[in-house]
Structures are given as structure tokens and as C-alpha cells.
Amino acid sequence: MTTSLAPPADSLSLKQRFREIRATSMRITAPLSAEDHMLQSMPDASPAKWHLAHTTWFFETFILQSYSPGYKSFDSRFKHLFNSYYKQLGSHPYRGARGLMSRPSLQEVHAFRSHVDRALEPFLDTASDEVLALVELGLNHEQQHQELILTDIKHGLWSSPLAPERLPIATVHEPPASLEWIEIEGGIHSIGHEGHEFAFDNESPRHQVLLQPFAIASRAVTNGDYLEFMRDDGYRRAELWLSDGWDAVCAQKWEAPFYWEHNEDGSWNHFAMNGTGETGIKPVDMSEPVCHVSYYEADAFAHWSGARLPTEAEWEVASFRSAVRGSFLDENVFHPRVVKRSSHLQMFGDVWEWTASPYTPYPGFKPAPGLIGEYNGKFMCNQLVLRGGSCATPASHIRASYRNFFPPHARWQFSGLRLAK
Amino acid sequence: MTTSLAPPADSLSLKQRFREIRATSMRITAPLSAEDHMLQSMPDASPAKWHLAHTTWFFETFILQSYSPGYKSFDSRFKHLFNSYYKQLGSHPYRGARGLMSRPSLQEVHAFRSHVDRALEPFLDTASDEVLALVELGLNHEQQHQELILTDIKHGLWSSPLAPERLPIATVHEPPASLEWIEIEGGIHSIGHEGHEFAFDNESPRHQVLLQPFAIASRAVTNGDYLEFMRDDGYRRAELWLSDGWDAVCAQKWEAPFYWEHNEDGSWNHFAMNGTGETGIKPVDMSEPVCHVSYYEADAFAHWSGARLPTEAEWEVASFRSAVRGSFLDENVFHPRVVKRSSHLQMFGDVWEWTASPYTPYPGFKPAPGLIGEYNGKFMCNQLVLRGGSCATPASHIRASYRNFFPPHARWQFSGLRLAK
Amino acid sequence: MTTSLAPPADSLSLKQRFREIRATSMRITAPLSAEDHMLQSMPDASPAKWHLAHTTWFFETFILQSYSPGYKSFDSRFKHLFNSYYKQLGSHPYRGARGLMSRPSLQEVHAFRSHVDRALEPFLDTASDEVLALVELGLNHEQQHQELILTDIKHGLWSSPLAPERLPIATVHEPPASLEWIEIEGGIHSIGHEGHEFAFDNESPRHQVLLQPFAIASRAVTNGDYLEFMRDDGYRRAELWLSDGWDAVCAQKWEAPFYWEHNEDGSWNHFAMNGTGETGIKPVDMSEPVCHVSYYEADAFAHWSGARLPTEAEWEVASFRSAVRGSFLDENVFHPRVVKRSSHLQMFGDVWEWTASPYTPYPGFKPAPGLIGEYNGKFMCNQLVLRGGSCATPASHIRASYRNFFPPHARWQFSGLRLAK
Amino acid sequence: MTTSLAPPADSLSLKQRFREIRATSMRITAPLSAEDHMLQSMPDASPAKWHLAHTTWFFETFILQSYSPGYKSFDSRFKHLFNSYYKQLGSHPYRGARGLMSRPSLQEVHAFRSHVDRALEPFLDTASDEVLALVELGLNHEQQHQELILTDIKHGLWSSPLAPERLPIATVHEPPASLEWIEIEGGIHSIGHEGHEFAFDNESPRHQVLLQPFAIASRAVTNGDYLEFMRDDGYRRAELWLSDGWDAVCAQKWEAPFYWEHNEDGSWNHFAMNGTGETGIKPVDMSEPVCHVSYYEADAFAHWSGARLPTEAEWEVASFRSAVRGSFLDENVFHPRVVKRSSHLQMFGDVWEWTASPYTPYPGFKPAPGLIGEYNGKFMCNQLVLRGGSCATPASHIRASYRNFFPPHARWQFSGLRLAK
């Protein structure tokens, strides 16, 4: 969060955005029953009800309880209950037990949301810049959780013994152009956040990087590309894999991207939520970007193809070569109208792209003081950076300097890859 | 199940009992929300929704689909979905994933119950004795699951980060008389089911046993008795424990019965569902039978007290010395009127009493042929027999020859103990 | 231990037996290198060096340090180091870490043995009956560990990446007679230890049991019998198995007795230590008793064959019908001369036979007071009784009332089965 | 390995070095018994016997069997047995089972070493440059394992229930100067291997990096410094730790560096192998560099101190500011004479220093083709770079461009840290 650098957006427009973003969380969970909202299919994934409550807890804890005198909390037990990982706030429930919260009910969580919204909205008219910056942070936080709601409910429904019904996650893709290599000159470039709009603290400071000349692919790796790797015994050739990746292949018996299912005739289906028919299962479309692959799979594919993954600096520098800012795919679950992408690079809004870069602080990075400092900095180990945003990322949440991060074995996010060399 | 021996009860009265028992399952789950019905807090415990569906699956699978021509199943996927452990029916979902069934919804499960009830009731008028015996088995099966609904939801609500609200499980106990030792003569006695009423197959054949003279306590061990053991360092003296029990004490850090919580002043509360106030937490009543102890704890207590646990044969023989058949405590969640117990032995309807007997077949035991044979016989290893029935056991489900069984570490059942010597 | 009942054997002969049994432990470990003596291939198995030290520790701890004034211990650290599980002696090293004792060296352990032997032998001339009874217990304890040395080193060598060399464990068997059913009358019989010779405490008190008439097989189940079960899909038919047994089959991927290896032509080899050639691998002999099966496998085989396992009472009563006492197979690693067995029942000295009886105390059983009371009693849960003794049991350690016990999944002991009906 | 770039060292001197390095492995294991050579106290650590065999396997597999016609292998089973992780050679034994190799004996492994040495030495006179480069690689490989022998045997002896005897690992340190901050200018610097001497492939290509101006501490963090962190509740303040680090602190109950033991008076001992007295336990010397800390602890200490860890590029650039090349501490187990260090930076030969850099390929890195390509590249994930070499690193194996790497939780290496800002 660049609290001190970035003047907060105009408060009127902030209030409008507050209403829209808060409403979006309700809209994307509307098709889910109270029982669906309970699903926690693995410790890494959280129930939708928890996401709805935790994003609200963020506004209550960091803003209303600190800056709004006389604010009466909805339920004093929620302070502990919906803390995710802020150690300075004291203990919090074990993450893997979030699926055991039948109480409070979904109805109560909805009431909690309304309670906080009603308290916060009028307060925005008079709030200080410091508070408005926290509201901005809270909204970006909620947008992050909107994507997590989708990835987690997808995993939850898939884990159910019953094949689930379709859910409305649109993933329209343009037919891919033939793959071209975009050459980028070497030398000193700058990366990181600049300007007045919101960015997370981990995108700063903007700084110079020294790059060798490189080339980057004009599109993401497609399912068709990936199937060639599979047919060339990609999942059975140890020499293509990182050592830890090969261990994962053997232990987890990976043989295709997550959510793929083999048909008897050798073709592949996948669980896509928006599948035709009732169950969300549909044939794999060879022209779409491959999705739900781990970093290990992305790296092995790149190794097999004779190329490599770009570093995050290369990725960010390349993204400016294509005048793509603002022109990303505007067709996803949050903005279901199709907007023609002008970018030939397909960098934004399709799949998160694994980069070769471990998630580390930028030179000079300092976490914000206090509680908020736990937001990003403490995760800078054992994770890789992903760039670009997926079909499940709110469109207004996507930007070139954005650094998403997950551990190398993670597959339940909308993660794919792009080649460099 | 003594299908071949026991003529089925009169079909009119069976239909009446069918209605009552099916309605009881709905009544005891009525206070629970759809979200509560989802809770699965450990693999051993199942969600209430699953219990409601599985007991219905039993009637559909074993009766309607086999004997009712033209019966149309409610949903063909349920045959697999709600199979608990019948291997001859093919694979079944992993037990620990029952909490991931947000689909079907509780509403659909209720509809499934109605569908099966509507199909079964008229059919009872014309059914053969063979079918009526299966209905009788299904009703007893459902009564077993009624107790499991209560034990499992108790565990689920207790596992929630939020202290749960009270639920109506009545556990009224008479003030205990002073403990007396009832002397029983040795010699050849008979145990096991006899007569025409329903009994499970594991209660047969009735057979002779040779007993030494013994004495049995006139009442169960109370919380007050047990607290003396605790205060005498019972949980810290290895010499009192079975080897596996001591390993459990150390690994699980046991220091009191399950659900007990230490107060700062040294007194104890426990989670009782029917606690005063909102949360189900209430002070431990020293006059009540101790409950929620494992076999290991029961055995260590007996060792400490200088006595021992009775064998199941001793227990059953003793139970006839007190003319208690039919006079057990008729005050529990299923029959909330208080009926004075005449028994001085307090053997029925308080707590399940751990016996010293591993769960093995009676001499000459043969499991029923076919699917139903998986009901009891295949569990005859690594379990101990409990006798008597608890405050959560349907009153009409309690009888002297009944053999309940759980592994020695289990604590979430309503399990206590009685001494012998 | 029947300390109070059994007058100790004559002290002169005891001294002779002391020398012989102590020397036997050295003799059976003589082919092993110091490195072999280190092997611990699973927590249940212990290194040979540990067995040599622990059996010596028993004499030092329970006799010399308690009864021999002026005895100077070999190394004061050994009191803790070689305690197996006597909690009243304080903590002991974690069992699974016994393979990490490179210190003390094998040479030092041998010196420890000599030190204790030298101190104990002269002391035997003047020792009280109480002490002599403890010596007798120590010798029987050492004989138990002699068999464990063999079972554990077999497992250790088999676990080595290198196929091990042959070791001298003789397992000569007579060609089996055709299987006959020996009928035994029902009624009241007596089982348990009687007489003046040594027996463990768990064999007492001798007591009456009431048996139904039964029949017992005249020989153990052979490899040939067992192979029929395997060929009839025994390992793939859930309905034949106890529930916990089936879970073990699936989780451990059992498909044959332990140590069996499939050849490409469908025949089977097994690792037998005394195999021909260098590696201990040799073809399975169809006429030998099947060995290295778990209780689960024994029970499933019995189920498949339409018979059952005998109870331990049936087994013991039957063993007296054949006048076999003292006539068991006297050809094993300890007594490598072949003595013709007169018994037609093959009950002693071939394989330990799983019975259907969980290991529980005999009526009136009381563990010895003090430390020694931990020897047997605290293991009376979660185990099954085996009877008869194996080719690896010291011949003088075998008797009809002997109760061996292991958990139902154990396979590394020399365990087989005999049918009853 | 810079096979193609670096002309191999003169073959005469190579033969001399071959003899010396091979002899060193024997010398440092000479104080260990055959039983000590068996110890494997965790899967990450290997028995000394395995190290001796595996380093020999490397020469046999990659050189003699490929380039020396007529070479007869010592034992054909060793090809599989002592493969560490080269997947292209086929399967290899499970790493955690290396402690189960009682066969081959230590004596046989010594014979294996002699066999290979005798075959290789004469061959060196006529070998091609390609082969000599492989010999050079094999020698560096053996030097790596010499340090691992020491770290692993230290862990093995420490894991023994008996406190071990002292072993001769010298760790003489100069009294630390007061900590000074060495300022280094920013700009474009070059790092990575250059010149004709051997280096591993992961040190290449030499390339330019762009650094901000920074300062680096003139000495490593001492035990005294670290104790201040501990006394300031460093192990109890979540806000100082990376998220994964805090999880490790809680799960492993870390409260001090590995091998430290608390005395009753509040002071600390540690297990140092070269401790005074018999056991290797001695008081912590406050002036020595802190050792046996994980990356998580290094990072938390840096956070607490208000500084940070240097990147590996910063570290390497700084190391040239002090004219330290070749002047490192020449007093360790391999070179037990004390040579005065001229460096004021104490960068070489004390402790491996954790850097802030994840272990990733240098720009343009290509693993060697074929088998040898598995040496380094496949481990470039989930590890952090350490620089400088420790008291247990062979002196001739230390250089400024050397990149050691371990996962962030590893503590059994001789790992410490130095601050930057």
C-alpha cells in the first residue's frame, strides 16, 4: 500500500466504488446456497461465507473500530473469528477449521455486511486521507478475495462427490494468433508502481533493473501446446523437471493440468464451472490458454519447449511494449460484456502467468508499520510471482505492476504461463 | 438380525412405528440449520444431513429397489452417494469427505425422505415377512443413527470456533444412592438374545457362559468419583494405564473427560448442549455418571480404584438380577417425560458402559448372507463392547442383550463405566 | 511370572541354563557384523545390539542392582539407555531411535554382557528363592528376545537395498499329512498354567472354560492351501475381510504373505534367510506352513475356506489331545539337530498360530506388584493371542499354555494359522 | 561445471590433488567406527559410509565406465546402490533408507575406494581434457561431501541417546572486531565465475548486475549479538518473522540455534563435537559467529536489528572490496594449522552466510547436457543461496563466486549470517 505516496481517490467516487465492489461480492455468491457457502475442501481454500465475513471484518477492524468513535461492533466475537493471519491482533482460528463455522449463519454474515456498510458509507464523507487510503486498501483486499471466492468454490464444488451444476464464470477467449516472438532490447529499465493510483506496498519502490536482451511470446501457452508436451511423455521424463517438481509428479500422480479428466477415447474434459449441460464438465478447448498448472508444470513445459519462463521484470517491461494498459480482456465474471482486446500479447485477464521470479522484496521495500505491515511482506519466501490477472480477476483490479504470488505446487488458481527466451 | 428366527411384528403396528421413528429423526434435527447439517468435525463423525439421507438410502436400497417393482428411485446418484460401507455395492465416497456434500441440499434430502416414505408405507400392507423383517432392521438402523446424529452434532458444534447455543438433549439423573456391591453367583449362565422381538445378528446365538462368582456396583461411576481419580494424579501415573492408553494420554494430552474445561478456580465445566444460558457450557454435576471417557480411561479408573470393568457376560447376567427390563430411565431427548426408574442398578439409559470384553462373535455366530452380512460381523476386531444405552439412545432401542461397540480411544460417544470385582 | 506359586528350579541346573541361554544369544548373532547389529528397519523392530544389551540390562536392573550389595554397574548411563518400556523407571529413549545407538559399540555391549554374567553367576549359589525366580524370568525374557533378534534381523536385512546373504535359520518341515478334522467334545475344560515349572503371569490363573464341541485341523494351513485363496481373488474380495483388514489390504497393497515376491512366470519366491544361494531368496515350498501372515489375512483365509480360527481355549485343549507335549519339532536355529515329531497335529515349533482370541486377562489375573507388573498386563488391549511357537522359538521356551500376542496387522513375526470349525 | 570454458588443470598436479582429496575423506572418517558410519538420523542426512561410497561411485560411473575400456566394476550392484539422485540412470534407493545399508560393510566400501583409485590414477596420465574436466568435477564433488560428512555425523552423534565423545573439528575464531559498516557504491557490477580455475556450472555465466548503494557489516553476527535477540523475545514476537518462519518456530518449538542447550542458570551450552571433555558439549562462546541457524532465523534477526540480509550479488561484490581472495581462515578440520586471516570482513571459512537471494539460474544459464546436467540446475527452487564457506569446508574448495544452497528451514549445516543495509 502506498499510503504516503498516493493521494486517495476522490471520496465521492470512492463511495461509489465502495458500493459497487461490496455489491459485486454479493452478486458472485448469489447463486450459492448457504450450504455451498460452508464448503472448505482443503486448508488452502476458504468457505465463501468466510470470505464474505473476513472482507467485512477488515473494514470494521482497521477503520471503524479505530477511527469511528461510537461505532458499535456487530458481534464482539467476530474480531477473533474472522481474523485471517494478523498475529499482532492475537490468536486466530486454525485456517483448516473455517469449514466448521456453521455459526454464524450466512444470514448473519449478510447482516454483518449490511451493518458495516451502513456505518462506513456516511463516514466516508468526513474521513481523513489516512482513512480513505485504508478504505481503498480494503476495497482492493475485497477484490482479491472475490477471485479467491471463485477459485475456492470451484475447488469445493469439484471436491463434492456429486458433479456440480454449472456456475457463471465466463472465460471467452479470442482465437490465438500464431505464436510470435517479441524482441525486447536489453539495458536499464524501470519497474514497479508509479503514479497516484492505488497499488500494494509490494509493488514499490519503483526501481531500475538491468536486463539482457530477450524475446517474449506473443500469447500464452495454449491447451493445444500443452497437450503436445503431454503426448511427448512430459509427465514421465524426470529430466524435464525441477527436483521438487518431479517429487510432486510422483507423489500426486500428476498427469495433466488440475481439473482435467481423461475420456476413454483419449480426449480430455475439464471442470470449468461454466460448462455446457448441468455439471460444468466440458471438452478442453485447444485454443484457450492452459490453466490450473503449477509452477513446476510451467517450468517443465518451458524446459521441454527449449525456452524458459520470463522473469517478472521482463514480463513487466514487455507489457508496456504492447500498449495494453487498459485494453485487457474485459469479459469475465465481473464484467460479462465482451470488449475486444486490442493487445496482441494477451497479457491481462486470461490466466495468471507464472514467472521465473521468486517473490522477494524490491530494493528498499519497507512494509507499512503496524498491523497492515503483515499484509504482504511476511509472505516473501517460498513463493513465485505471477503476473497479468485471470478471467476471475476483477477487471479494475488488474495492472501491469501487480504482483500475485503462490507456492510452486499450487494448482487451484487460474494459473498458466507464457514463454520467453 | 435374526431374520429367520423372529417372526416380524404385526404389520399395522410396524407401520405406526415406521411413522414415529422416521418423524423422530426429523424432530431431533429440527433445531439445526442447513449449515449445521453440513458439519463434519472429524472423519469418525458424519454430518446430520448425511445421517438423514443414509438412513433413507437403507430403505430404498435394501427394500424398495429389491422388492417393490416399478419403484422409481429419487435420484440414481444417491445409490453411490449415501452408501456408508457396503463393499459389495461397489465403491463409496471417502468417509472423511461427507462434509463436502453441499449438494444435495438439505431440502432435497428432506424430499428424498418423503419420497421413500410415501413409496414404502402403502407397500407395508402387502409385504412379505422377509420384507417386514428388513423394515424392522431399517428402523433399528435409523434409531442407531439417531444417537449418532446427537453425538456427531455435539462434536461438530463443540468444534466450532464459536461456543454454540444450547440444544435440547435432556439428561436428568436421579441422585445416586451410595455405591453397593451386588454379589452374583458363579456357574453356567445364558446370555444373548432370546424371544421374538427384534435383535441384531451379533446378539445371537444365545449361549451358555461359565462365570466365576463376582460383584458388580449398584451404580455407574459418577463425576465425583472420577474427580477423585483426577486429583490423585490419575492422568499422570503411567502404572495405572494400559500401554496404548498411556500413549494416548501423552499424545492427546488428556487430563479430563472429553468436553470438560478447566476453570481458573480449579472447578470444571463441560459442554453439554443442554447447558444453562446460551452456550451449552455448564458446571460438572458431581452426582451424574461420568461420561465421554474412553475405554482407556475407564480401565485406568478401574485399576486405580482397585476394582475392574465387568465382562459383557457379567454385565448381562447382572442386569437380570434387578428386574430392570423395561424400567430404565425414560427421560431422554426422544421421550422427554420423566418416568421414575425402578432399577437400583442404573444400568439402562444413562451412559453406555464400557465392558472388559473385546467385540467378538458369539460361539456359532454366522453373519447374514449377502449384503446385510456386512452390517455387524466385519467390525469384530479392535473394538470393545459397551452395554446399557445412554440418555441419547431411543428408549425403545434399549435392551439387555444389546451390544454396542467402539474402539478403545473413542470419547465422543456418551460412554461411561461401572465397576466390578 | 508365577513367582509365588512356582518354586524356582534347582539352582545348579539354573546356573547351567543361564550359561547356555546367554551363550545362545551370542551364537545366533555371531554371523552378524557390527553394522548388521545396528539395523532398525521400522520402529517395531529393534537392532540386534539393542536386544543383546536390553536382555543384559534386565539382569542388571532387576537383580544385581537390587539384590547384590556392592555390585558396580558397567555404565551408569545404561540404566536409562536400555530400558524398553518400564515407565516406573522413568523416561526411556524413543523406541524408533534405537538404530541411532552407534555408541556404545557392539564390543562394549559384549563387554557389558560379560560383566553382568561374571557378577551374576557366583551370586546364584547363594541367592534367595525370590532372586532365583527373577533369574528364571530373565532367562525366559532373553529367550523371547532371541526370537525377536531373528524376526527383526530378517526384516532389517530384507529392507536393505542389497539382497542379503543367507543366514542360518533352519525351517525343516515334514511333508504334511492330508488335513483331518480332530473332533473335541464340549463341556467344561481347564486351561492355563499348572505345575512347578516357569510360566509367565499371563498364563495364570488356571481356570475353567466352557466349550462347545468343535473340530480342529490336524495341521497348519500350508503355502499350497494359501495359494488357492490367492488364486481365488482372496486379496480382492472385500466381503472376505474384517473391515480394518480390508483397509490394510488397500492401504498397504497386500497381495501375498510378507516376504513373498512374484516371479514373471507367476510362481512365487520368498525371502527366507536360509535360502539356497547367496541371497536368502528361494521358491515357496507348497508343503510348508504359510508364514508371515497378519491376523487379518488369517481371518480372511478362514472365512474363505468356510471355517474359522480356533479360540485360544480351543487350541490349548486340543493340544493335549495329541500327546504332543515335549514332542514338537526340535529342529530350529537353536537346536539344529532334527528330531522326528510324533505329533500329528504339528502344533509346536513350526509357526505361531493366530487364534480368534483377543489378548485379555484370565479371570482373577493380577499383575505382579511393582516394576515387573509392567511385563505383560499393560499390553492386554488391541492384540490377538498366538499359540504354539515357531521355528525361531527356542525349543525349551515352548509350552502348551504359552500366550504370545501381537497386533492384528503384524506380519514380520513367524505367524501362520490353523483352522477350526 | 565450466567444462568447455576452463582448460583442465595440469594433469600431474591433478593426480596429486586426486590423491590428497581422496585421502582427506579417509582421514576425516578415521575416528569413526563402522557403526558410526551407519548413522542416518534424518532423511536429509546420509551415513558417512554412504558418502564414502557415493563419491567413489561418481568416479566409477561418470569416468571409468564411460571412458576406460576394460575397466571392471568393483560390484555391479553399486551402480544402483550409490546413485544419489540421477534420474536418467534409472531408479535409486529411497534416500531415507541409506541407514539400512549394513551391507556392503565399511571394509568393502574402503576396498571399493581403493579399487577405483587404483584404476583411475594411471588412467589420468593419458586421459583427454574432457575426462580430466570430469575428474576435476569429481574432486569438487568429493569436497562437497567432505563437509556433508561432518554436518551429517554431527547430527547423527547428537541424535544418539548417549552424549557423544568429542571429534576433531576445529573452529578457531579470531576475537571479533567491533562491527563496522562497509559502504559499497551502487551501479553496474559483474558477478559470477571468471578465469580458468574450476567452478560449478551454477556460477556461470558471469554477468552484470545493477546494485543500489549499500553497506555491509564487517563481520558475521556473533553468538553474543544473537543472544540479545533471544533476550528481547525474538523467538516469541510473530511480527519479526516470515509467515513460514513463524509456523516453523511454533511447530518445532525453536527457541535458540540448533544444538544449543539451556542450562539451569540461564546460560547456554552447545554441542560442538570439539568440546572440552568427553561429550562435545561446551559453553557457547559469545565472540564466535552464530551458527546452525535457519534462513528464517537469520531473516528474523536481521528484521529485529533494523537491517537486512545482503543479496548474493551484494555479498560477492563486497567480498572483492577486502582483498580477501585466498586469505580466508585456513584453520579448519582439513587444514589444522592456523593461518592468520588478513581479511577484516571474515567472509570465508567461518560460517556459511545466508543471503536474501533465492537460488535461481544466472541469466543465460544452461545446465550441462546429459547426466551431469542434473548436478545443480534441477534444485533451483525453494532454496536460498549461502555464501562464503564454513569451518567445515575444505579450504581449497572456497571461492568468492561459490553458491551453496539449502531450503530455508535447514539448520544442521554450519550456517550463520551477516547484515547489510
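Should a chain be cited, it is by its letter among A, B, C and D, assigned in written order, with residues numbered from 1 in that chain.
Definition applied: contacts are C-beta pairs under 8 Å (C-beta built on N, C-alpha and C of every residue); 3 or more make two chains touch, one makes a residue touch a chain.
Please read all numbers here as calculations on a predicted model, not as lab measurements.
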| item | value |
| --- | --- |
| Both-way neighbours, i.e. chains that touch chain B and touch chain A | none |
| Separation of mean Cα positions, chain D and chain B [Å, integer] | 60 |
| Computed distance of Cα centres, chain D from chain C, in Å | 47 |
| Chain centre separation in whole Å, for chain D relative to chain A (CA means) | 38 |
| Residues of chain B touching at least two other chains | none |
| Category of the chain touch graph - line, ring, star, complete, other | ring |
| Interchain contacts (touch definition) - all pairs | A-B, A-D, B-C, C-D |
| Chain B partner contacts - residues on chain C that touch it in the complex | 85, 87-88, 188, 207-210, 212, 238-239, 241-246, 295-296, 299, 356-358, 360, 363-364, 373-374, 378-382, 408 |
| Chain A contact footprint on chain B (complex, rising order) | 33-39, 41, 77, 80-81, 93, 97, 99-106, 156-157, 159-162, 164-165 |
